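Two complexes are shown next, each including subunit A; its partner changes from subunit B in the first to subunit C in the second.
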Partner chain A sequence: MNLSNSFEFTCPTKTNSGNRALENIPVELESLDARKPLVITGTDIVDQQLIDIFLGAFGNSGMTLGIFDSIGKNADSSMIEQLKKAYIDEKFDSIIALGGGPVMDAAKSLNIMVSLPTADLRNSSATSLIQKPLRPLVYVPADTATGLETSKFASINGATLSSHYFMPNLVIIDPRMTRVKNGKAVFANTLAAFCRALEAYTGQDKNPLTDSYAFAAIQFICENFLTLLATPGDSKAGLAIANAMAMSGCAFSNVEAGMLHRIAQALPARINAQSGIVMSVCLPHVFAYCGKKSGYFIAEALLPLAGHDEYAAVPAKQRLEKTLKVIGQFLTELSVKGPERIPASLTEAGIESSMIDDILSNLKLDQDTQMNADDFRAVLESACEGRPVA
Partner chain B sequence: MSNLVRKVNAGEKVLKRLYLFVFLWFTGRAVQAAAKVDDQVKKEFDAIPNGFTFALGVMPKGPWMVIGKVNGKIKYLGWSIEGIRLNLRLAINNIEAAMLIFTFQEGTALATARNRIIVDGEVPYAMSVIRVLDIVEVYLLVKIIAKLAVKRYPVWWPRGRKYVGRILIYTRTLLGF
Partner chain C sequence: MKLPGYYEFCCSVKLVAGHDALEKIPSLLASLGAKKPLIITDKGVAGAGLIKIVTDAISSGVEIGGIADNVPPDSDLKVVNQLAKLYQQNHCDAIIAVGGGSVIDTAKGVNIVVSENADDLMKFSGAGALKRALKPLVAVPTTAGTGSEVTLVAVIKDQEKHLKMAFTSYFLLPNISVLDSRMTMTMPPFITAMTGMDALTHAIEAYYCLQKNPLSDSSAHAAISMICKNILDVTKNPGNKDGRLAMAIGASLAGIAFSNSMVGLVHNLGHSVGSVCGTPHGACMSILLPYGLEYNMHKRRNEMSELLLPIAGPEVYKTIPKDIRADKVVALIRKLNNDLHQATGGRHARCFKEIMDREGKPSVPREKLPDVARAALLDGASTYNPEDTDYEDNLMVLEAAWEGVPLDTSRIRKG
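Our next item is the complex of A and B:
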């Protein structure tokens, strides 16, 4: 283990996972000095039946909850303004995000607005920094989780804000909520979380603590993803995947964003491909490319991917090759058994090589990033053509 | 409340609360009875100082089983912790966790490992109370159920201890002395 570089790790999130975990929310809220939560969700995102199960968990707590269940596919800033007014007028003291993606983005946005009264979302930029703890934020994942909910990032008005204060205080993972209903979304989102965890585990700035989170996330996905695809109702596999996604967000928040994540974020808006699918198409190409560069730990990924026995059986010099092979086999198996096929190239996914310049300009590369435009171009070209990286 | 946000009051789980109330009331009286009948329970309580009070119950609104050592004797002090100075509190996180434990779907040790029980007070006394509760459960429940509730069922107990003790504890519990 390389400890020659100094490192920093922040994860303020407490995780409460398992059977009947939802029922712990009232007690956990009390420990955060909160007694009147505002619940944010969307009936398009979370089934009404799940909302009822969630509300049932507050039985006998004596609490009064506010419920807003109209979050759409994107968090709208005027709606957040209205929610801010309701939050302040009704003296709510905490926020619970029920469901993933836009729900959590809306919850994070609202949390800035109510915690920092002078904040104006319309004027927020990607460089805004929040230097003060926000109000208690609880996240309850459903099958729509993207894995970024537990991260330090919030997508507001199309911009991405970053602060460790965005990370939720508490994550409640209950198997009743994580049963898979939308197989395609779960497939793409889990692939994205898998790629982010792999990048956190193999990146240049990884540290022993990001390793722990990323290792567990990769292992949980390798062991449970295929089971979940075969039997979407499997609550144990659903719980494991939800845990893996939450952990991947924590690991990802403590390393510099890797090539896969950056490519997915830089896709032109007109492209209708899901980021998880694009990331998994690029994964073998990015890892083959990074494996040739010094400072990356691609070969180390064999341990969480294949297990201790296989890792020990492969000589150190062959581990990179073996890692790429294991990743290729895993993606092929997922492609065959998943609800949709993983394309063999970016072109097949709808991203032509003519779009590479657009992607590169969206990447906003600066001198601090570990990879330059030539590196991204080499990977994108090979991924577009589906040929091994040069 | 604005039209945007709907207000919901958390419901009541009346039947579950009633079950827990009866269970804790009966167990509390059984602990009081066992302190007079069983030598091991007596020994555990001998190590506890006079005036010591402990409660086992459900957060946030109860019910609780409050037991104290008053003038050297173990007494069941009721279901409410209002106005009582507790030396030890074994609080179950929520009513559903309490149902899992008190319907014997989860043993005390497993529930503790799963973070369903919070201990406020000194751990050695908490261990004594857990041991006492295990013994009382063996007396009160038939073997097939008691095996689910306790960590290790005491197959080494002489039959006389179990059956005579059971009769005495049930009699004292029902009659309240």
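Our next item is the complex of A and C:
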């Protein structure tokens, strides 16, 4: 890591993970000076049974909860307006997002709206008005988490807003909630978290703090993902993966999007690029390419990927090659044992090499000093063919 | 990586690091809605010219609401209340604490009084007394050691009542900690060595004590690696800018690790040596660290073996057989203390009998060890130590550490 580069790191989120973590919410809220939370969830996203377990955890806390359980597949602004009115009328003082994806997007948006009543979320610069922490926000992941819930990003009306103030005060990871039911979604989301953590750990603007979160995320995924695929109900593996997801969002929020994420964002929307599947197709190609450029730390990923002994046993000069091999083998195994196959190439995933020019034009490369169009083209061509970068 | 049945981790302080990180303070304050900070420091820091560096770096961007350099070596309730008045009189809207543990603790105390618009800190003691965010607090540590820039505790002494009050609240965490290499550049070699070993102890104890968790582990791992790569070199070459910055970052990472995992025997006995004999905390830590490892090794051999990688690097790690890696870790810590002893012309102590006070008398007289061993029974740090300790155990460790000889492992009662 180059310490001549300065860095900034922020993660306001406290993590409580493990047995009976839910039961700590009342005490934690109290320490944030909150006593009347509005719970946001969606019965399409979280099983009613889990919502009941969650509510049971408040047992004799004496806390009054409001519950809104109608968040659908996407958070839209009229629903958030409705929530804002309820929050203010009923004098709620905090927000709990139960479940992942759109639930947390809605919670983040609502938090801006109730903390800064004049904010207009249709304006992407609305977040620049925030000068102090928003209302206490607690996130409780269920198996539909995407890993972006703990990040500084919120997706609202199809646009992405970004602010460190969006990051929750608290994430409560409880094995009763993270037990896996929807194996297919978990597969894609865990792959995305894996890519996010790896890119944060190896990128040019990594720092020792992003390393901490990314390191733990990568190790948890390597050690638990296959177990979870073999035994989806394994609560320990489910908890470890949920931890990794939450950590990946934090690391990712403190680095610039790297080549892998930029490619994913530039792919046609119909490919569902954020799913993690397509990112996994590109991962070996991006890493093989970046590994040959100066300023990247691809070879260092061998430590969290393979552990102390294997890392130390491989001579420094061979570490890059070994890292790529370990990633390749892991993805192959996941593809065989997962609920869906990871395509062998971008072409197999529906991206023809004739589309590369269009993808490049989506990339806004003029802002990029590290990688130019030729670099991206080389990686895309290789990912389309599915062969290692020459 | 081990996932505990239950753990908590929190580090909500924003860290800003670099060789010119100070210059970012005005815009960081602006992002918190503040523009007139009170600078709190002590005479030592001001005398070393560090306040001038800070004011030069920020005065074009903010109006400085005052500079108070009268924080005593031990935080003092009277000073807290007096500085709070100064803050209010000068209509300040934020605090910048430039210094070590005492300065940062004092600033946290001042922040309680001014944020609650009160006149006395003691009205806010007790759990839950703080209910909302305080005024913006920026910590600028000048010793790469204590980690107080990332912890949520403030210890304030009421000198009249001879009472130490510990305030604990998430609201006490600084909003931002600024780690700038210029702030530690003039630290003398033996203080560099001592504070660096203090930080290393935080990280190593965090890694093997009972309340470790995945994020304290990875913070500790990074801290150990950064400190071990740089501590000897910055002790020998104080002007090594990159080394200074790495030490400052390492110390903050170590502070994050231990405040989330708690610590054990080394801190337990170290606190007690400090309170009975008045010996500097960092000196106690560096002397006791190898003993903490030896005492707990039969319970934590795996964790201690893993430490060889960040301490010595992959080349050494792979040549040492697995079953003796933990022993190698202890040997390397002893060697490091020895190297630091050499590099500081003998001022870095390797055992308690080598520490002298300002008058040249032994700081830790051997006959005080029973008092220390007894005092340690009352210190909370023993709770998180892997192996149990009682008076006899404490005394055994202290005597070995006084003499500077390895622990006779056959005498450790394995529970």
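Please note the rule applied: the second predicted complex is superposed on the first by the 371 of 390 C-alpha atoms of A that agree within 3 Å, B and C clash if a C-alpha of one lies under 4 Å from a C-alpha of the other, contacts with A are read in each partner's own complex, and residues count from 1 in each chain.
As a convention for this text, a contact is a pair of C-beta atoms (placed from the backbone, for glycine too) under 8 Å apart; a residue touches a chain by one contact, two chains touch by 3 or more.
Keep in mind that what you see is a predicted model, and the values were worked out from it rather than measured.
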{"item": "Touched partner set for A:223, first subunit B, second subunit C, both or neither", "value": "second"}
{"item": "Contacts of A:56 with subunit B and subunit C, given as first, second, both or neither", "value": "first"}
{"item": "Partner chain(s) touched by A:11 [first = subunit B, second = subunit C, both, neither]", "value": "second"}
{"item": "Contacts of A:268 with subunit B and subunit C, given as first, second, both or neither", "value": "neither"}
{"item": "Which superposed partner A:20 touches (first subunit B, second subunit C, both, neither)", "value": "both"}
{"item": "Which of subunit B and subunit C A:339 touches, first, second, both or neither", "value": "neither"}
{"item": "Subunit B versus subunit C as contact partner of A:66, first or second or both or neither", "value": "first"}
{"item": "Winner by number of subunit A residues touched, once subunit B and subunit C are compared", "value": "C"}
{"item": "Touched partner set for A:233, first subunit B, second subunit C, both or neither", "value": "neither"}
{"item": "Set intersection of subunit A contacts, subunit C complex versus subunit B complex", "value": "16, 18, 20, 30"}
{"item": "Complex contact set, residues of subunit B against subunit A", "value": "1-2, 4-13, 16-17, 58-61, 93-97, 100, 114-115"}
{"item": "Of subunit A, residues touching subunit B in the complex", "value": "16, 18, 20, 23-24, 26-27, 30, 38, 55-70, 82-83, 85-86, 89-90"}
{"item": "Contacting residues of subunit A [partner subunit C, same complex]", "value": "3-21, 30-33, 131-133, 164, 169, 207-209, 211-213, 215-216, 219-220, 223, 236, 239-240, 243, 247, 308-309, 311-313, 316"}
{"item": "Residue numbers on subunit C that touch subunit A, as the complex places them", "value": "1, 3-12, 14-21, 24, 31-33, 128, 131-133, 169-170, 213-215, 217-219, 221-223, 226, 242, 245-246, 249-250, 253, 306, 309, 314-315, 317-318, 322"}
